[in-house]
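Below, chain A partners chain B and then partners chain C, in two separate complexes.
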Partner chain A sequence: MIHKIFPVAHITFIDCLRNKALYGILFMGIVLFGINIIFTGMFSWDLSKVAVDMGLSTVSFAGLILIFFFSIQMMSNDMDKKTIYLILSRPVSKSEYIVGKFIGLSLVILISSLVLGVCAAFSVWLSTMTINLQLAEAFSWKLFSLSITLQTLSLLILLSLAFLWVMVSSHSFTAFLLTLMTYFVGQNMENVKNIILSTKLMSPDSISIKAINFASWILPNLSVFNIKTIIAHGLPFDASSMAAPVVYGISYIGICLCLSILVFKKREI
Partner chain B sequence: MAAILFQNIYKTFRSGFKSYPVLHDISFEVKKGEIYGFLGPNGAGKSTSIKLLLNFIQPGSGRIYIDNLLVGRDGFQHLIGYLPETPCFYENLTGIETLVFAGKTSGMGKKEIIPAAKKVLHRLNLDHAGDKLIKAYSKGMKQRLGIAMALIHDPRIFILDEPMSGLDPMGRKLISDVILELKQRGKTVFFSSHILSDIEKLCDRIGILNKGKLLYTGPTKDILEFGPDVETAFVRLIEKDEGSHDT
Partner chain C sequence: MVIFKKNALFLVFSLFLSLFIFSNGMIKEKRKILGASYSIDIPSTPPNVIKLLAGEFSGIIADYLLLQIGSYIGSNSEISQDQWKIIHLGFEQAFELDPYFQQTYFQAQAFLAWDANMPESAIRILEAAGRKRTWDWRPGYYAGFDYYYFLNDFNTASDIYLKTAKIKNAPVLLALLGSRFAIKDKRTEASIAVLKLMLKDNDLNKNDKKEISDRITILKSIEVLDKAIQQFKKIFLVYPSTLDELVYYQILKQLPENPYSKKYTYNPDTGEIKFD
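Up next, the complex of A and B:
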């Protein structure tokens, strides 16, 4: 199986790497870091929070653009332009195609996060040099890297969901909208739950809260991978507490890919 | 034993609550080592038949066999080389990279892929283009690269959907020669085409499809009882069928 998955992943990766749109996204990310340095200098308080938060957000933003305007388009093109015929007419199964494509696109996202993560760290470091920015006491580059890793994992979850929506829907725009909707719900479900709990109108044991809690993990709960605020404020943070979310994230990707394969096997191409 | 066997194939497409029958009780066989031409006007069901043959879509009922392997149940892809009607590639790959992918996924060994890729590129007059990105290829070059992908692993059966489309006269002659070479090497070729002169020149047997029904299957020379040449015979058969629909 691996010897069929690898060539699919390889051509996906190479095709993406040579796509000019990818360089446009990376260039935009680097421009945003420049803006970050200028922007941070305009603030008179919480400079370190602004610099770190903007740096990390730019990495995440570029990753989201990669998924919404690049990966979904690539997957949909395979179906619409029938490029997929040249793959599936060979001894490559639909499951090998899905896994290969996912690995290829994941590698692009990983490399983009790595490049932009280094740029983000550089922009924060440059801010400390140029505008005498004092980073929070508990700030550490290790936690900064962990935040980028978790953000990347949440991007991969979103990518696996995008795969599922591309397989379910017959149009790339529908897949785009479904992925966007899932992203917003996944980002904000935890906030909605916290707001409801803070109003104390419902007990934490009520069925409604339990249903919201359950839905927040099913949709998925992307906010658990967001530790930007903690890192930016230099709040105390136990990195080992992220083990469970990481397992959740990897399992979520696995389930989404299995569902994508199941749907794709039923789909006529 | 037949290289390709269609047995009582029915296929219906659904759109909302409506259903559209596209293939009606299609049965024919393609013998090993022969060139079989699949003809029909636009919308006759040729491409649907080819998609069924490749297991891209599933029949409503009936069975299709490739070299005695049941399509949809058994793995048959290692036996075939396929050219789609309009081949689309990953445009940021080179011709060689595309052929290496085709070779790897078809189970070829690392050492044999590059020489085989260079050989098929040479045969299809694409030697100069192997290292170029596909986005720089013309339509005819893409068509020839699609045929190179079908050839690289030297399969037993070739399924070519409109192999001459988009080619200039030189390109058409090249593909005709390649098809005849395949026949000489004992390969089976099943291809659809609108160009009746190519069919007449190349095919041992033909099948004529109209509105999802197979009007004729048999030796190319036998269709001449309907007209002085294949084109006239084809038109008469279609008109006769259309007339029977009207009455």
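Up next, the complex of A and C:
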């Protein structure tokens, strides 16, 4: 099975390179250097926080662009332009196609995060040199890397969901909207619940809270992967507490891919 | 025909280029006098809603909001009260987006308390920042300052200073100020307790320890004097005209220790004692 998945992943990755998306990401990384130094220099306090914010946000932003404007389009094009026949006419099953495609696109996101992560770290380091920026006392490069890893995992969850929505819907725009909605809900579900409970707008037994609790078993809680504020301010953080979210993320990706395969197998192409 | 087409394209291009240069020049000229920012684009959404909209980019959006507020205030000499209300909302939004950001409470203190004459609004942000930044003594320092300077509330200022003084690396001055305000409100016992606790801190240097120790002595002395003055009034129905009368009429054997070179300042009309 692996030897069939690998060529699909390879072709997907090469296809992405041909689209020059990664070059755009690289360019974004270079621009980040300059912008980070200029933007950070505009602040008077907590400069390191601004520099780290900027770096980590760029990594997330680039990943989201790749998913929303690249991956969804690429998957839908395979269906719409019938190029999928070229792959499925070979001895490649639908499940191998899905897994191969996911690995190929994941690789693009991983490389983008790696490149931008290094650029972000370099721009923070460069800021410490040029504008005499003092990093937060408890700032750690290890945790900075962990933050990028978690952001990447969050992006991969979103990618797996995008796969599912492309398989379920028949149109790339519908898939785009569904993925966008899932992203928005995934980022805010926990916040909404906390606001409702803290402002005592509703009791914990209300239907809305029950609905949010139910949704939290269906939709991904992407906010658990966001530790940017903690890293930027060097707040106390136990890295081992991230073990459960990592397992959660990987299992969620697995479930989404399985569902995508199931839907794809039933789908007429 | 081909030459005409080429020329037509060139003409259309030249026309657009001229219009672009002209309009861009006009825009630049018009906006030059308006400074860094001529309007402030703070969305009128409640702070907790903006957090939902910002999602994982809350940190960077907080940075942007503060930058916008800073450039707007910096470029406008006169800001109306309505505009200050918008700016206040911007600070609240920035705080909600990133409650740990130092710049938010620094700017809120600098602009809201001083320029906008909205010390209560600044205090709310400072107190919230203090609750988040438990290691930082500055929010408490500014909040205490605003209470006594703008609101004339020495009682709350003293409470805040004495509480903030317990934070590691907080300047000794906070405890001293707290205890000074405590005297104004006759709450010397509370400040003695805080100062004694501070004295146990092994990180304190020799000078700080002496300063705290002296302050404890003077607070205790003031307590003794205060009680003696009240006793004097009970007996003679008036306050003593000088502190020496307390010794003369044998209410005290001697005046309590005063580690400072200055004498006690005593007001015989009100029976109040000050030492600095």
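By definition in this document, the second predicted complex is superposed on the first by the 250 of 269 C-alpha atoms of A that agree within 3 Å, B and C clash if a C-alpha of one lies under 4 Å from a C-alpha of the other, contacts with A are read in each partner's own complex, and residues count from 1 in each chain.
Assume a contact is a pair of C-beta atoms (placed from the backbone, for glycine too) under 8 Å apart; a residue touches a chain by one contact, two chains touch by 3 or more.
Only a predicted model underlies this, so the values are computations on that prediction, with no experimental measurement involved.
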- Message: Taking chain A as the common reference, can chain B and chain C both be placed on it without clashing, or not? Answer clash or fit.
- Response: fit
- Name the contact category of A:182: first (chain B only), second (chain C only), both, or neither. neither
- Task: Give one of first, second, both or neither to describe whether A:42 is in contact with chain B, with chain C, with both, or with none.
- Result: second
- Query: First (chain B), second (chain C), both or neither: which does A:61 touch?
  - Reply: second
- For the superposed three-chain arrangement, angle chain B-chain A-chain C (C-alpha centres, nearest 10 degrees) equals 160
- Item | chain B versus chain C as contact partner of A:10, first or second or both or neither | first
- Message: So in the superposed three-chain picture, is A:223 touching just chain B, just chain C, both, or none of them (first/second/both/neither)?
- Response: second
- Check the residue A:235 against both partner chains and state whether it touches chain B (first), chain C (second), both, or neither. second
- Quick one: smallest Cα-Cα gap between chain B and chain C in the superposed arrangement, Å? 29
- Message: Per the contact definition, I'd like the list of chain A residues that touch chain C in the complex.
- Response: 39, 42-46, 49-50, 53-54, 56-57, 60-61, 151, 154, 183-184, 187-188, 191-192, 195, 222-223, 226, 228-229, 232-233, 235
- Query: Given the complex with chain A, which residues does chain B contribute to the contact?
  - Reply: 51, 54, 56-58, 75, 77-78, 80, 82, 84, 86-93, 97-98, 100-102, 104-107, 133, 146, 149
- Message: Can you tell me which positions in chain A touch chain B when the two form their complex?
- Response: 3-4, 6-8, 10-12, 14-19, 81-83, 85-92, 268-269
- Query: Which residues of chain C touch chain A in their complex?
  - Reply: 48, 51-52, 55-60, 63, 66-67, 70, 98, 100-103, 106
